[in-house]
Structures are given as C-alpha cells and as structure tokens.
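There's a structure below that I have some questions on.
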Amino acid sequence: MLELTLQSLFSGVLSGAYYALIALGLALVFGTMRVINLAHGELVLLGAYISYTAEEKLGLDPLASLPLALAVVVGTAILVYYLVSLIKTDRELNSLILTFGIGVILTNGVLMIWSADIHSATTPWYHDATILFETLFAMQAELVFAGIGILLVGAVWWWLEKSWYGRALRAVASNRDAAKLMGVNPQLTEILSFAVSGLLATVAGVAIYTAKVIQPAMGHHLTVKAFIITVLAGMGSVPGVLLGAVLLGVVESLTVTLASSALQELAGMVLFLVVLLLMPSGLFGRAKRRG
Amino acid sequence: MNDKIKIALFLVLAYIAVPLALGSNAYVIGLIVAALTIGGIAVAWALLGNLGGMVSFGHAAFFGVGAYVSALLTLKGGWPVFPSMLMAGIGAAIASVATMPALRLRGPYFALAILAYAEIFRILATEAKPITGGAAGLLSIPRLPIVLGLDFGSKLGGYFVILTIVAASMAVYHLIRSSTYGLALKAMHDSEDATRVVGVNSTLLKAWMLAVSAFITGVVGAFNAHYINFLEPDYAFAGQWTTLAIVSAIFGGYRTVTGPLLGALVVYLVDQLAFKPILPQGHQIVLGVLLGAMILFSPGGLMPLLLAKKKGPAHAA
Amino acid sequence: MLLELDGITVAFGGLTAVGDVTFSMAKGDVLGLVGPNGAGKTTLFNAVSGLVRPTRGTARFNGHDLVSMPIHARARAGIGRAFQVPQPMHELTVRENLMVASRFATGRVDKERIEEILDLLKLGHKAESDAATSLALTEQKALEVGKALATNPKLLMLDEVLAGLETAGKRAFMHTLAEVKQRYGIALLIIEHDIETITRLCPRVVVLNFGRLIAEGSPDLVFNDPEVIRSYTGGEAA
Amino acid sequence: AEFKIGAEIPLSGNLARVGTAMNEGIQVAAEMFNKKSGKHSVKIITMDDESSPAKAVGAVEKLAADGVVAYTGGYGSNIIGPASEAAEKLGKVYVTSGGVASELTKRNLKTFFRINSSEGYARALMGMFNKQGVKSVAVVYSTKEATEEVAKMLQSGLGPQGVKVTMHAFDPATNDFKPIIHKIKLQDRPDAIAMIGYENDYVGILRAAKVLKPDIKTIAGVWSLATAKMAAEFPDLMENVSGTSTLSYPAEFTTPEAKEFAETYQKMFNKAPDYLGIFGYVQSKLLFEAVARAADTGTVDKGGIATEMRKTLSDTVIGKVRFDESGDNPEFTHRMGQHQAGKVVLVWPSDAATGTMKYPAVPW
Amino acid sequence: MAKLLEIEDLRAGYGSINVLWDLSLTIEEGKLTCILGPNGGGKTTLLRAIMGLVKTGAGRVLYQGADRTNAATWDMVADGIAMIPEGRMVFRDMSVADNLMMGAFPKKCRKNAARNLKMAYDMFPRLYERRDQLAGALSGGEAQMLAMGRGLMEEPKLILVDEPSLGLAPVVVDEVMGILDRLRHEGLTIVLVEQNTNKALKIADHVYLVRGGKVVLSETASSVDLGHLHDLYFARDTLNEQ
C-alpha cells in the first residue's frame, strides 16, 4: 500500500508539473490583462501539431521542433492580442466571445489541416522508463517536461516579480493610466505578455505531443483545465499555479489509487470547490481592502 | 413605435406568421426549436449576467438537472409531462441552492465554480446508475402530450411550447429589470459594498436571481428531454448548453431583453441554414469569424446595432 | 445612546489598525474623528458599517448589537456612510444612485427627498449623468453624502468628504451639513483633516493614533494636547 | 433509377475522427455499388451531425426533405438513439455500426438495423482469453456507455468460468494511467489486462504499462486497436498487443469482393482501409442491395426497404450478417488480431487465423 | 527665464463634454507655478491633457519648445515630465515597494532606483513600515504619500502635482509643502494644483486661477491679493446660483 501511495504521489506531482505548464500561459494573460484567453488550449494544440509535423515530415526530435513551433504559436498569440486590443468596451466579457471564436476557428483549422487522427511522438527515448529509488516509475518525457515546467514557472515568477517589464505588466493590469504615467507603453507590455504566453503554450504543446496523445477536439478541454488551475491558484499568482496544479495532480492520482479512476474528475472538481469556498480568492489570492 | 405594439407584433409574428409560413417544413421548424432552446438558456444566462452581475460557465448544470428531474418524474413516477416540467424548474432552482455557497465568489471565480458544479452533477448522474441509468442514459422519455386536441409532441407543437417558455422568461426578465430591484442588481455589479451600505441585501438578491435563472434553464432542459426523448449525462450536462447560450447572449446583446433570443436565432440558424450547406465541414470557422467580427464592430451585440441604426449614435464615448 | 463602541479592536494580520477604542454618541450628537494618516479612522468606520469584523469588542446601535448585524441591515437600522474613496454605484446615474439608496434602506423611493438632496448638494445638473465615469472628485464626494442621506439615517458617517474642496466650497458644504442636521435631526460622525472645519463643526472630538484613542473632548482641549500636536497637527492651532 | 441515400455522420466535434473513417467506407460502398449494378444507382448525401444528438435529428429531417430513401451512418449510441427514432417516425430505414449499446436494439424499432453489437466484441475477447487459458484478468475500461457495457459483459462472462476478474473504471478524461496500472501490478497480479476504451486510452495504458512492466502474460483490447494505423503510428507500443479485428494487416484479402474493396479504398483515399471504414462499407452495401431489391418490387416508398433488409443473409467482409426482429445481427462475432512485427495477424478464432498466437507475450 | 512648458488655446474634455476652453498658460523653468481654482474648474483635466491622458480637441502643448500635443503619455514621461496624481491612482494590487519601483521604470532612472527608493522611504517613513503591504490596503493618506514618493522616483525635470495635501494630516501637509519647496530650490520645475490656497501661496512663484476651463488670473505669487482671489473664486458660485 505504501509503495502504491508513494508512486501515486509521485505520478501526481509529475502530472501537476505538466498541468502547470498548460495553465501558466493562460494565468499570465489572465493575471496581467484580465483577459481569459479561451483560445489558449488551441494555441497549445497548435504547438503540438507543429511539433508533430516537424517530427513526421522533417524527422525532428520534439524538442528540436521548438523554434519552429515557437514561431508559429507566438505569431498566432500576437495576432490574438492584436484582435483583443481592438475591443473597445467591456473587454473582460467581450474578449471571452472573441477568443472563443478564435478557438473555434483554430480547432476547425487544425481539424481541416491535420484531420481528426490521434498522434503522439514516436521517439522511443521519451517513453522509456526511469526508475527512482527502485520504486518510483516515470516516463522520461514526464521527467523532462516536469523539470522544464518547474523551471519555466520559476522563470516567469522571477520575470513578473523582479524584472522591470514584468513589474510594468502587473502595473498595467492594476491601473492602466497610472502605468502610462510611469512611462509604460501598455500596448507593448501586453504584446509581451501574449508573446510569453504563446511561448509557454508552445512548450506545453510540445510536452503534450511528447508525453500524451493529441487530437483536434482537445483544445477546449485544455483551456478549461488550465483555467481551473489558474483560478484555483488565485488570479495571476504564478507560484499559485504550480501549487494548484500539483495539488490537482496529486488529488487526482490519489483518488485513482485509493478509490477509483472513474472518480478522478469528480475529486478534482470537489477539490476546486472546497478550496474556493474556503479561500474565495484562490490559494494565493490576496483579499482586497474595503471602505 | 410604441413598445406595446412592438411586443404585440412580435407575438403575432411568432405565434401565427412563423407557423403558417414554415409549419410544413419539419427541418426548419426543428432548427428553430433548437435555436429557441438555446435562446431560452441564453435569456436565463443573461438575466443572471446582466442583473446579477454573475457570469456563469456552468448553466448546463441547471439544464441537466431540469432534464433529469422531468425525465425521471415521467418515466419512473408516472407524472404527466407538463407538471413535471414545472417541477424540473423547481428542481433546478433547488439545485441552485446547492450552488449558493458560490455566491461568495465573484467574477471568474464564480463562473468556474458553477462549471465545477455542472461537472460534479454530470459525474453524479453517471455514477447514480440505479436512478439515472448511468452513462447509458434514458431512452424513450415520454413525448409532450396531446392537450385539447393539440399535439404538443409534434414538431410544431414543440415549437409553441418552447416559444411560450422563452417568451414568458423574457417577460420575467423585463419585469425584474425595470423594477428598483433591477437598479440595485445592476449596481451590485461593480460596487457591491457601496450597494450594501445603502441597505441592499445583495446576497439574497443574487440568490434569487440565481434561482430564477436556474428555474428557467431547468424548464428548458426538461422541454429538451421530452422533445428529443433521450438523455444521458454527457448530453444533459454538455458544455455546449453553456457555451452556445453565452455566445448567443453576448452576440445578441446580453444587456437587452431581446438580445439573447435574437442572438440564439441568428447564431444557430445562420450557421445551420446558410453556412453549413456551403461549407459542410468548415462552417464553424465562419461562425468563429462572425463572432469575432461582431465583438469588434458592435461590442454591445446585435441588438444595440439594430437599435443604433434607427436612433443614430446614441451617446459618445 | 445611539452608538456605543466598547473596546473595538481590528487587526490585519500582525497590524492592529484599531486598538481597544471606546466611545459613544447620543442622538443628534456631532462628533469629530481625527488622527494622523493610517491611525485607523476609516477602519473604525468600516467596523461600524460592517465592512470589517472587529477582532474584539462590542458595538451597539440604538441598543441593538451591531457586530452580528449584516451590512444591509445596519443601513436599514439607520447607519449611513460616505466613503473616503468615493464608491458610486456603477452603471447607474446619479439620480438612480439615490433611488436605490432610498428604496432599499427605507422601503420606498422617496422622490421628494431625492430632489431635495440633489438640490442641497448641487448635483442637480449631473442628475442624469453616469455616476461612475463623469464626475469630478468633489462631485463624487457630494454623491457619497447624497447616497448616505437618501437612506434616511439616524447616524451619518462622513469620511473626509470635504477634502479637496475649495475654501468657499467647504464653507458652503459645512452650511449644508448644519442644515441637514437641523432638518433631519441626525447625528454626525465626521472624519476630517482640516482642523478649522472640525473645530467649526464639532463640539466634541476623538483623536486616534496608531489605532488607539489618545484624546477626547472639545476641539480646544484636544488640539492643545501635546501628544496630538506632536503626532497630528504639528503645532498648527485651530 | 438513382436513389438518394442519407449519410448522417459526425465530421466535426469530438467524434470527427471515427465519423470520418466510417464515412470513407460509405463512400467506397457507393462507388463500388454504382460501378457494378447497372440498373439502379445510389447518390450519397452526407450531413455532418457535429457530434450532437440534436443536430443528428435535424440532419435526419433535412435529409428526408432532400428526398433520401434511407440512412446509413451514425456514430455513438447516444446520437444514434434519437437519430434513428427520428428515422423511424419518417418510416425510413436507418442502418449503422457506430453504436453497439444493447439499449438501441431493445427498442424494437421497425426501421433500425445494426450489423455489430457489444456481445460480438466481448465474445471475441473472451474466446481468445479462453484459448490462452488465462486465469485472471484486470479489465480497464472507460466509463462511456459502449465501453462500460463490453466491460460488464466480460465480467459476467468470465466470472462463471472461474476466471478472476478485477474491474478498473476510468474517466474518459484520464490521461495518466500509471496509478491504475500500478494498482494492477501490485494488487491484482493478473495473467491478462483487457483494455476497453479508445485509441488515446490504449496509447496511455500501454505507455504506462511499458513503464511499470506489470508481470502479465498478455494485453488485449477491443475496437481501434489491432489496426494498421496503430501499427504504423505506435510501433514501439503495439508489439504482441491483441484487439478485435476483421482483417489482418497488410490485408490478405482472399475474396474478390474484399480485394476490390481494398483497391477502391486505396484509390479513393490513398490509404489502407480501417476497421470503421469496413463497417461503414458493409452496412451501406447491405442497404444499397436492399434498396435495389425493393426498387425491383416497387416498394421503396412502402416500407419495402425494411422488409428487404430483414431478408438479408450475407457473407460479408466482417462475417455473416442477418437481422433479427429488433434489427440486431445475431451472427456478429468478431475476430482477434495480434500485432506482430508491424503486422496484424488474425489469431482467433482458429478457422480464421492467419498466423500463430504469441502467448505469453507483452510489448516490453 | 526659459519657458519649459507652454499651453496654447487648449481644448480638452471627455467624449462629448468639453472641459477646457482655449486655455493658455506658461510654465517657467525652475519655478513653482501654482494652479488654483474652484472645484470642477478643469485643473485635473489640464494636467491629464498635458500628459496625454485625455485627448485634446484644439490648441497646442509645447515642451522645451517642441510641439508635444497629443504625444503618448509614456513619451512625455521619458522626456522628464512626471505627474503625481491623487492617491487613488496607485497600483492597488501591487506592494508598496513595487509601486515605488514602478516610478523608476523610465530607462534613465533605473540605475538610481535603489538610491531613490531609500530617499522615498526617508521622506515617508510610514511607507517603509508598509513596504510589503498591497497599496490597495493603504489608508487614504498613506496612498497619497505613495503617489508622491513614486512620482519623485522618476527623477523628473518637471512635475505636475495634483492636490498633494488631499487627505493628509496637517503635519504631513507641512512636510509635503516643505519637500516641494526644497525640490524647487534644487532646480526642479513644479506645477502645483492645490486647494489649500494659503499654504500653496507661501511657496509659489507664480499663480494661475482656472475657472470654467479658462485662465481667469495670472499673477506672480507675491502680488496676489487674497481678497481679489477670493472674489474670482466666488464668481462661479454666483454664476451657478442664477
């Protein structure tokens, strides 16, 4: 039983890191622009499909396909930003529709270009087993991307907290006019935020392609998962994303081990609700002053 | 034109002209019924969104609960269809009470909490096999009955039923909106503390709006169950009930009473009747483009766009 | 007694914003609440109007226990409040702001009173403007007072509503306040940094510093208190 | 005469992949039918149901308005249910292979026909396990309707034979199967793992198993598994894995019909036929023949197609087909194929086998 | 004396509402210019128009002789103009320290950020005590201090200060006025919008009175007659009461 539980915890942490990778880009844009990019999952998917094409047609290793995927996805992300920036009123709500529409376009575009077949990376190395302490099993791809995920969370966190542009990004989110008065060009920082979000989506896409199976209809599901983690984390909190994602991963895998896999989604949702009801602004959200 | 005349015109058009013109075309009536179904949820969603200031990503929760309540009452309880549709509304409203802890949350937090409830309901419906039939669902749900010689189970009969549900919901929406409750609700949106310190019990008001919205959605869900005669968890709690309703409401203009319905009709019918025949597979792309263009060129939705034509530029900036 | 505060303490994490404050007001009293920035004045208002829950202490209004009373019930019981940072009700016009306040605190829309308030606060010309986006700061502050008045309060709590007003405007406003008090017979609890204003308006003053009540009494008395001078007025006499 | 046939099928939404595959078979059937029979021809009108029950009902109605005489297609029992009921109301035949739930045939519709069923899948899997002498099986299944049904059939079929069966349901959204496989490895220690799910689930389960290497003797599944596509896409995962299959791969098409089918398919879609294509082909072919016969007797509009469908007794690419009163095909039994060195070898039943079954054998 | 900033016949407002009506004034380098005027007169709007936060309809803004009408706000900041808005314009979801650091965002200020941060804390020790707190949780006066400290982190040539004494305790008001006085002596050009006429006049060089979106008085501070000023203030009230 102990061995089972330990493995379950380990698997949970690994899925958590992978969830974090998917959620981070969404959380960034959400936290800094109050825009819920409903096409985020589709951006991730796009990255995955580029990686697939690169492997299939050019024989590139998934990691080696990153530059190509980056170019396409970041470009698309910036295009999404450009469209969102055209919204004049009630951006928070209207961007929902706009990005939903973009998601529909991307999903169907992917369907038309790549057909509905499932795909996954074929390089065997990624799927070979790594065994830690003789009892903990993982796919090498999972370890690689968990590592990358944690690194990226750290990097984004540092960037937002400590760098000039990261801070400016938060400032724009907090008070646009005041940020302008500090010499910040809000549009520039927002493009930056979308571009970084596109970068994160690309890496997440390559990770999914490598470790899991991709198909065109999954974009929406990815967005929902990412969004749940983002909210669980507390709006815009980067460390929260990692914590929330790992918590979700661990709860899901423990549910499988201790109860049944049929209940895993249920457990995830219950966790989400319990956290929110106890902490209405998420794990790392800070309550606002009133009065 | 006077509002009363407009309403009368709408009713005449909907109850007399449309059936006369299209009644024989089962396919088109079927599409209109489907559009009205989405429209009903969209009205309920907009009521909550516009009045309660609460964006919900999980109205499928109430749709599904309503559908199951009515289906089970008729199938297992032997209830007649119309009374159980009413009970379905009440059932959904009761389910909304279970979701009320979420009223403490705001913005996206609330939106997703309701989505989580929808997921939880879906999984519970899947797991509660003895009652709900589990993943296999319920087949042969009783159709709408024949009352006084009118066959509500026919295509056209279904049309009249859903039309009445939607029209009644819009009337309720309008009444609430034009009362002082409507003002208070509108105010709570972005300034809840400010509203409370002048004596508004915002929690209670929001709870009521959630319950009313859930009630409407539940009745619509019940209608759909008796109309399609089939139910399974994945279908009853499908995300599309929520997304299509949101898209329709915002597309049509969720700040207006007629916008959500108009949005649903346009989004659904234009997609199915105009784009699908031209682009059998890619028509959803056109829908996506249309949505995007709408938001960019008329952020308030279709309704304000139509109104603005007549009134000229309403107000600057 | 209208308002009785006993040992009210509000802590945010390690910070005690209000510490063990005790005072009371009778019907029709006018009381000034002053103190350095961050002394806890607004927080005390929050505790009375229900926006924060005191960590310790009791508060009674008209004999009823306040601490367990929800925010809206306090408004209905007669506590009106103007925010320091104006919080107009979004998406409503100025008049609608007053309508909501009147309707929900008193049970009906008192049209006459609303017109009276608009007139009194010189907001008539902005009555149909969008309250959240088209008012200058001072107009927003006037609206704050208007909303509170529309609730037909027994106690009106004003948080720096005169700040930013020109001298003449201030005088006029003080006039208005005196008139309000006269006409409706309500008690006023006023936070203001302008010593002249406080001295003119309030026969009695309470001084907070670091959350603690450090002086209480007539303006003359407290503004000559050495501790008050050191921490607050810096020697500026009334 | 030319008859219009409606193909109501998901081409977008989450069933797009399987719907598209089945639709290809339908197109091939029409092509072959029109080439062969001179007297009557068919014209397929395809309508995407977008993986939604309501739109499927709409599609059935729309196609009726366009003048179709019968329907072929449908995918997913939840969509086929209401769609076939709509067809019943219109009095038109609806033939499918995309929904295996027994609920569908329990309705006893007059115009509903189906060439496959859950039983056929369960029977094949159990037959292979019996032959292998498997003593204990861990069943890993998705909580979807069809998968759950097949899983339950395995449980109730194998249990009485003295085989120890453990059940592991998983949510369709699951993508990390390590916790389940680990449980099986440490607690169940079975001879065999049976996977009842879909392609992405199989890949996930097999990858997890490859990492954890449970001590089992065989691993097998049902549809979408012993296919050319899986062999080509996931060569490192599939070796020695068995699944239901009608044909071996590369197909050793023995009958002239099967050969022609494979050639036409290759020509039209530039790839080898997939099992869904085969089903789509067979159901449509049977329908076209029934339509032709009804046309000959002049009963197309008088319920003749259904009558003719009931007279079907045919040896098809998927084996014998006939229809009982409920429209089910009681003859349906699947075969089992095993991935061996990049090929799929039929290994059960013995009379259909094209090679020897490897046992014990796992992919790692 | 060099003219640092010239406003010529400026019109500006919000959407269809015009607030400034052909307003002209000149700010001389190294001087403290005080803008007084009744409420709603358009003082804040003027500062916002200079910074490019509200669009101008007509007229020109000249800075160091160059036409900067409708220039982007961030470019004005980069050129050394800082506006210190009222305290509601702090970054509510950021810590006090981060708010201050935002002041040093313009590239040329970054290298001195650490030093200036210390200076700001010295100026307002209360901010140092609250440095890790969210700015949104500050008291009204604390937020006002934060806006001030943040603006000074920008190392500007010209600062536009909007009612710095608003909501500050009397001791702090004196300190703030002292700070402005000192900065002016260090060579900074200051535009001060203030209601506290007495205190403002004590440190001002030149005074403008803006009423109804127009300049109605322009005088050197030393020659201002308080009685006359008061009358001009009043004029609006009599107008309104008609």
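Note that the chains are named A, B, C, D and E in the order they appear, and that numbering of residues resets to 1 at the start of each chain.
Assume a residue touches a chain if its C-beta (ideal position, glycine included) is under 8 Å from a C-beta of that chain, and two chains touch if they have at least 3 such contacts.
Treat the numbers as computed from the prediction; the structure is a model and nothing was measured.
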| item | value |
| --- | --- |
| Each chain counted as touching subunit C and subunit D at once | A, B |
| Middle chain, criterion being Cα centroid separation | A |
| Reference subunit A; chain at largest CA-centroid distance | C |
| Intercentroid distance (Cα basis), subunit C paired with subunit B, Å | 44 |
| Whole-Å separation of chain centres (CA-atom averages), subunit C against subunit E | 28 |
| Intercentroid distance (Cα basis), subunit D paired with subunit B, Å | 37 |
| In subunit C, residues with contacts to at least two other chains | 42-43, 49, 51, 83-84 |
| Where subunit D touches two or more other chains, by residue | 12, 143, 171 |
| Subunit B, residues touching no fewer than two other chains | 123, 126, 193, 281, 284 |
| Residue ranges of subunit C in contact with subunit A within the complex | 42-43, 45-46, 49, 51-52, 83-84, 159 |
| Residue ranges of subunit E touching subunit A (in the complex, touch as defined) | 51-53, 72-74, 77-78, 82-83, 85, 89-94, 98, 101-103, 105-106, 110, 134, 136-138, 150, 154 |
| Complex contacts: residues of subunit C adjacent to subunit E | 12, 35-39, 41-43, 84-85, 122, 133-134, 136-139, 160, 163-169, 172, 193, 195, 231-234, 236 |
| Parts of subunit B lying in touch with subunit D, wherever the complex brings them together | 25-27, 30-31, 34, 37, 123, 126, 134-137, 139-140, 224, 228-230, 232, 234-235, 240, 272, 276, 280-281, 284 |
| Subunit B to subunit C touching residues, read off their complex | 180, 183-184, 186-187, 189-191, 193-203 |
